[in-house]
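Next come two complexes built around chain A: one with chain B, the other with chain C.
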Partner chain A sequence: MQRFIIRRLIQSFGLLLAISAIGFTIIHLAPGGPETKFLLDPRLKPEDIVAIRERYGLNDPIPVQYIKWLWNALHLDFGRSYESLYPVSDEILRALPNTLFLVSSGVILGMLGIPLGVFIAKRRGSIADKSVRVFTVAGSSIPHWWLGILILLVTSNLAISTGIKILPLPGYSAEANGNTLYFIWQLVLPSILIALTGLLAYSRVTRSQVLDVMSQDYVRTAKSKGLDEKTINRVHILRNALIPVVTVFGGLLPSFIGGSVIFERIFSLPGIGNLSIEALGRSDYPIAIGVLMFVSAISIFMLFISDILYALIDPRIRYS
Partner chain B sequence: MTKEIVETPKILTLKREPSLQEILPASASYTRTSVRRFFRSKLNQTALGVFLVIALISFIAPLITSNILNVSPDYFRASFSPSYAPPGTPETLRNGKAVVHWLGTDELGRDSLARLITAGAASIAIGLLVTLIIMVIGVPLGLAAGYFGGWVDDACNGLIQIINNIPGLYLFIVLGGIFRPNLVFLAVIFGLLSWTPTARQVRGLTLSLRTRDYVTASIAVGARYPRILATHLLPNIISILVVLVGSDIAGAMLGEAALSFLGFGIRDPDISWGKLLASSSNYLTYSGNQNPFLIIGPGVFIFVTILSIYLIADGLRDAFDPTLRN
Partner chain C sequence: MERFFRSVLPTLVLMLLAMGLLLTACGDSTPTTATQPTTTTAAAVPTGVAAIPTAALNSGGSATTAAAAAATTAAAVATTAASPTTAAATATIAATTAAAAATTASTTAATIAAAAGTDTPKKGGSITIVSTNEAKTMHPYNCTDVYCNSYISRVYAGAMTKRDPKTLEVVGAAAKSWTVDKDAKIITYTLKDGIKWSDGKPITSDDYLWTYQQAIKKENAWPRYAQNIADPAKPDQNGAIGYEAPNPQTVVVKMNTLTFDIVERADFITPLPRHIWEGKDWLDPTKNSEIDSPSVASGPWKLKEWVKGKSWTVVRNDASTIWPVPYLDQITQATVENSSIAFQKLKSGEADAIVASYGFTTQDVAEAEKLSNVSVYKWISAFASWSEMAFNFRHTYFKDAKLRSAMNWVIDRKALSDKVYYGLAVPMYADVAPSSDKFDGNAVEKYGYDPEKAKQILKDAGYTVKDGKLMDPTGAPLPKLKYAYSTGEPTGPKIAAIAQQEFKDLGIELDLVGTDFNALLKTITTEPFDWDIAQLGWSAGINPEGFGDVWKTIPNLNFGAWVNDDVNKLYSATQREFDNAKRKEIMSKIQSIESRDGPYIYLNANTSYAGINKRVGGVTPTPLGIGFDSRAYSYMTDWYIKG
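Our next item is the complex of A and B:
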């Protein structure tokens, strides 16, 4: 187990290094840079551009820049934003709580899919089972963010025409700043929408796992030796059925973080997704690579945790 | 209980091994009966019909827009075109033709319906292209990893691990923000990042099929691995592959829509359904916007297309699955 953890750790670091190298190269091949925001200024002379680029160390060859950046990044210094001149880590840490709040409330709400999956597996073929399956197929065919736009369209038109505000309008308003309750209220709809992905995946996997385990020999043995239903459910069925569900979590996390980008965009939430999109629009590359590294690190770490959990839960899995 | 008692003698009876000639016609009719089974279900017929109609309309959209609707999807007359016109607004074009905007117009006064049916081609083409790439990479790698095991398996698993760890959407945003991707570039990157679930599934199936008696027998009579892979393993995973193809097409279409919505997918002047949603949701709360079809239309098209693909894949799986026969 220890060897497995160490090997996985080394793998994770290697992977982060590879992603950083590739991302850094791609981003630095792109046009634009710190001088972009001055380009419309008539007082800007060509030698100024050279001076600005020299100041940011952009005249070095890319490998040299990369080594320098990597060395600083190891000390958690990701450079400064070309646009705001704040340190990249400050900008990211300002946006990160919003994204994490959105993603984690989505993950937690999505876990409601586990009891739902158990419930319908127990009543296989019933109306409840069938309607959940119809809901699952329909739910996976709809882009969830489109549902968000539709709800916004309906509620905002209602608010405009009749003045009834069902949901908070997207975006941060100045007077609501610092109002925690309003902040949470704003995140309700995006959280529910982001949770839909998890709800669908969890209920599907749980259902098929429970059905699979229910047909195993040891469940039949338990029934035939007269154990009561509750014990069989808890000890024999649930424990075994929920093992793969743990890995679903690890696999879903990147898609949750990815999904949060689009919801941040639609609901104008200042998270890291919005931050990176705006940064790319302004050629603010230190921010873009910083966000890419942050997100990679988080998702690699979570996959690492879920792999270890998987090995801990299932005694049949032995990593050597 | 009774079922097992009835079935036991069947296994014990020794039967004459059927000759190749006896098997071949049976397997030929297997496909035919499967297809017949597929078409027996009304749901399957409807799903296939709907998908074919949408695909056909999307790919002959230029003919429809120029001959039936009489308006090009890019046509607008600067300030004279009614922007955000409600459905059913008539307009006289510059060339004197009178047209009706059945689904209204967008923010520049372009015909919504013409743009909707034109946009479908890019969305569906990306779905199909990505799935082709996924199958070309995922199936052989999964088969090889499952069949050969050892270092081949380790190498494949390592590669899958690496790709799974990459936050795809962020990488896409970086790539799409810097290069201006065209449809093929988009599909290739998408495919390269999303073949791993397919490879994993194929690997798992191959792993369990490899130890079956017919594979062992085949090795015993001296068959080489290309033959075993092609004649014993591949046919057995087809029914699962059909479902995977369905969900891959759906996933690619949804992903393309999301990317184009964010502005990192299909670029101007090309349009896809996601792209249409992007431009129409910019003026979501603008009170002069009297055309809800700008938001509803592309979403409904995405929903109906993907739903029909899911249903077709499910129907095909059920029809071709030998364990569900009789």
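Our next item is the complex of A and C:
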């Protein structure tokens, strides 16, 4: 296990290095640059453009720029935003709570998919099973961000015409400034929407796994031994059925973070996703790369954790 | 069958009911009132005197991306979809319609038509502005876009001059007077008496000089250094070469060149409070909290709170001396990235104001006009953004003015305005936007939509059409043209599709190449210049005379490498001409050449517009806007809550 962890750590570091090299190159090769917005102002002199590029070291060849960046990054200096002048770490830390709140509430709500999956698997063919299946197919077919805008517009127009306020509009509201409950109320919809991804995936995977395990010989043996239903469910079915669910969890986290990009835009939450999109749009390279590395590191870490969880859940799995 | 009646039918009925409810809620269920006809009045407007040449490129859409400066224009339109009671209570500038402005811009303009029963402005109240974009910094010497400019200019005043919104003359802001020594190229500004920071300390020339000295330090990396500071060794370079403060009320600026707009060119320092800033870090907001949370203000507003990414709140600066003390207690600018949601906030009354460059889309204007709680204001801005199709003159076929003229005659500017801009645009025929006092409707060729005329022009010039393809006079077919446009704006693909259809009628085939704006720029400004026509836009500067700089900058601004010596000489002549009437004559000549033998198919200039809650009074559309953004004439100091 120790060897496995060390090997995976080395692999993870290599992977991060590769991501940084590719990401750095792509971001710097993309058209545009911090000077673009000036380029189009006829009053600005070419000397200013040269000075701006010089200031940010953008006149060096990309490999040189990368090595300089890497050297600083290894010293935990990810540079400063061209726009706000704050260190990248400050910007990420400022945005992180919003994303964390959104993603964690999404993950937790999404976990409800596991009991749901077990519930419908145990009632295979029933109306509950069929309705959940219809719901999962419909839920997977509709883009969740679109659903989000639709629900917001519907509830807002309903509030305007009837005064019944089901959900608040995102963003600042003079009436509710500083009201934490209002803020939580604003987060209800994005949390549910982001949780849908996990909920749908978990319930489907859990259902098929539970059904699969239920037909295994050892479950029949357990039943014939006279074990009570609860023990069979907990020890024999759930534990075995959860193995692939853990993998799904590890893989889902990046998609949660990816999904939060869209929801942060729609629901005006200044989180990591928003930060990244704005940085890319404004060619704020240090922020764009900083966020890329941060999200990559978290994703790799979570995959690493899910591998370890794998071994803990399933004693048959031993890493060597 | 029984099962059908027992289960399926009720389900269907329920679904229909749910859909009905959904559609009802989606639709505009707000009570509406009939729109009142637009009041139209015309009056002569004195022409602007001098200004900074400014123009900024945009992707050809409706968004305005102009740089800083003040204004020169003629027309403003105010339409309010108001109920009779509230309309009577609103003071508006009524003016010429967009179309009228296009034809008689030099003589049309605005008068203040204060309606009967005007509210008396009184202090108090708060409003919320909603915006799809947020500023990233409050540092006046690191800000590079209109969003931070609009934050900064509400808190920091200090520009020596501004433009009068009615006469458009350059008038004093922080300066009470100035003198220009044309021979020595020296401007001497005298500061107003008793101007103060919000903490009561006087604003003196020392603040200006100290700020100047910090800004020009190399290590302080001012992005606009070369724009404002000249090298005395280069006699043609515009900019300052000396800055002095001989006494607390006098600022003396020595410029390197003499241009007609020297008074505004020399006015480039926004002073920072030396007594607060001295000894603090200039660039690091983690070491200098004054950068993002200034404790003292010189403008009409003081920063109360900035929750980054969410909202930005300012309160009235009761000690404001350069600008009037505002009526409102507080203004909050809330960031909502999605424009549909932003508009929804205006509808619901959660937000009081939204403007075009802050995410109010043309599609939403018609709906906003029907709302009972919102007034829609429209005006033609001195900074109107306008769009064009630029030719690449590196290809010999575009050197034939006849071909370009024929292509001009098949572009239906009126249809573009109606279909693409929802009627919020006016036709353009040269570099000068119809809003400018330099616009000369008689000098330009006013291209209408006339495909037959276009075909006749081509026929007369020796062009033929074979198998639906245009052949040049030598009999060689015109290649398929690469039409580059930006997909960043919703208008981009629409105009491109219309152009493709109309040019095909002449036998000219287009290959539409839509990319994002940065990629488009790269394509049109770098080798191998693999494009034929590029669809782009500019934001008009206050002085159209400044546009001559664009033609001198190949390929970064003059993408198509259009060279016309006459136009270049005429533009150069405007810079040395201090007489506005004479400059206007020169500009007429330029427009005449450009519209007939020009580099572009000029399309439309956009109308500016804003949606404001009817509870807000004092909103006055002028060519300088409604007192809202970075180039505002009032910074909302004249806004108040009615009733």
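Miscellaneous remarks
The criterion applied here is as follows: the second predicted complex is superposed on the first by the 297 of 320 C-alpha atoms of A that agree within 3 Å, B and C clash if a C-alpha of one lies under 4 Å from a C-alpha of the other, contacts with A are read in each partner's own complex, and residues count from 1 in each chain.
Assume a contact is a pair of C-beta atoms (placed from the backbone, for glycine too) under 8 Å apart; a residue touches a chain by one contact, two chains touch by 3 or more.
Keep in mind that this is a model prediction, so the values were computed, not measured.
Of the two partner chains, chain B is the only one that A:L29 touches; chain C does not reach it. Within the superposed three-chain model, A:A95 lies in touch with chain C and out of touch with chain B [touch as defined at top]. Applying the stated contact rule after C-alpha superposition, one finds that A:E47 touches chain C and leaves chain B untouched.
Once the two complexes are overlaid on the shared chain, A:I266 sits against chain B and chain C alike. Of the two partner chains placed by superposition, chain B and chain C are both touched by A:I149.
When both complexes are overlaid on chain A, the residue A:Q11 reaches chain B alone and has no touch with chain C. By the touch criterion stated above, A:I19 is placed in contact with chain B alone, chain C being left untouched. Of the two partner chains, chain C is the only one that A:L158 touches; chain B does not reach it.
Touch criterion met: A:P87 reaches chain C, while chain B stays clear of it.
Residue overlap on chain A between the chain B contacts of one complex and the chain C contacts of the other covers 30, 149-150, 152-153, 156-157, 160, 169, 265-266. Every residue of chain A that touches chain B in the complex is listed here, in rising order: 11-12, 15, 18-19, 23, 26-27, 29-30, 137-138, 140-143, 145-146, 149-150, 152-153, 156-157, 160, 169, 251, 254, 257-258, 261-262, 265-266, 276-277, 280-281, 288-289, 291-292, 295-296, 299-300, 303. Those residues of chain B that touch chain A in the shared complex are 161-162, 164-171, 173-175, 177-178, 250, 254, 257-258, 261-263, 274, 277, 281, 284-285, 287, 292, 295-296, 299, 302-303, 306-307, 310-311, 314. Chain C contributes residues 22, 25-30, 52-58, 65, 67, 126, 128, 130, 136-137, 139, 142, 144-145, 221, 223-227, 237, 283-286, 291-292, 307-311, 332, 334-338, 340-341, 344-345, 347-348, 350, 516, 518-519, 521-522, 525, 546-547, 549-550, 553, 556-557 to its touches with chain A in the complex. Every residue of chain A that touches chain C in the complex is listed here, in rising order: 30-32, 36-48, 51-52, 55, 81, 83-87, 90, 94-95, 98, 149-150, 152-161, 169-175, 265-266, 268-270, 274, 282-283.
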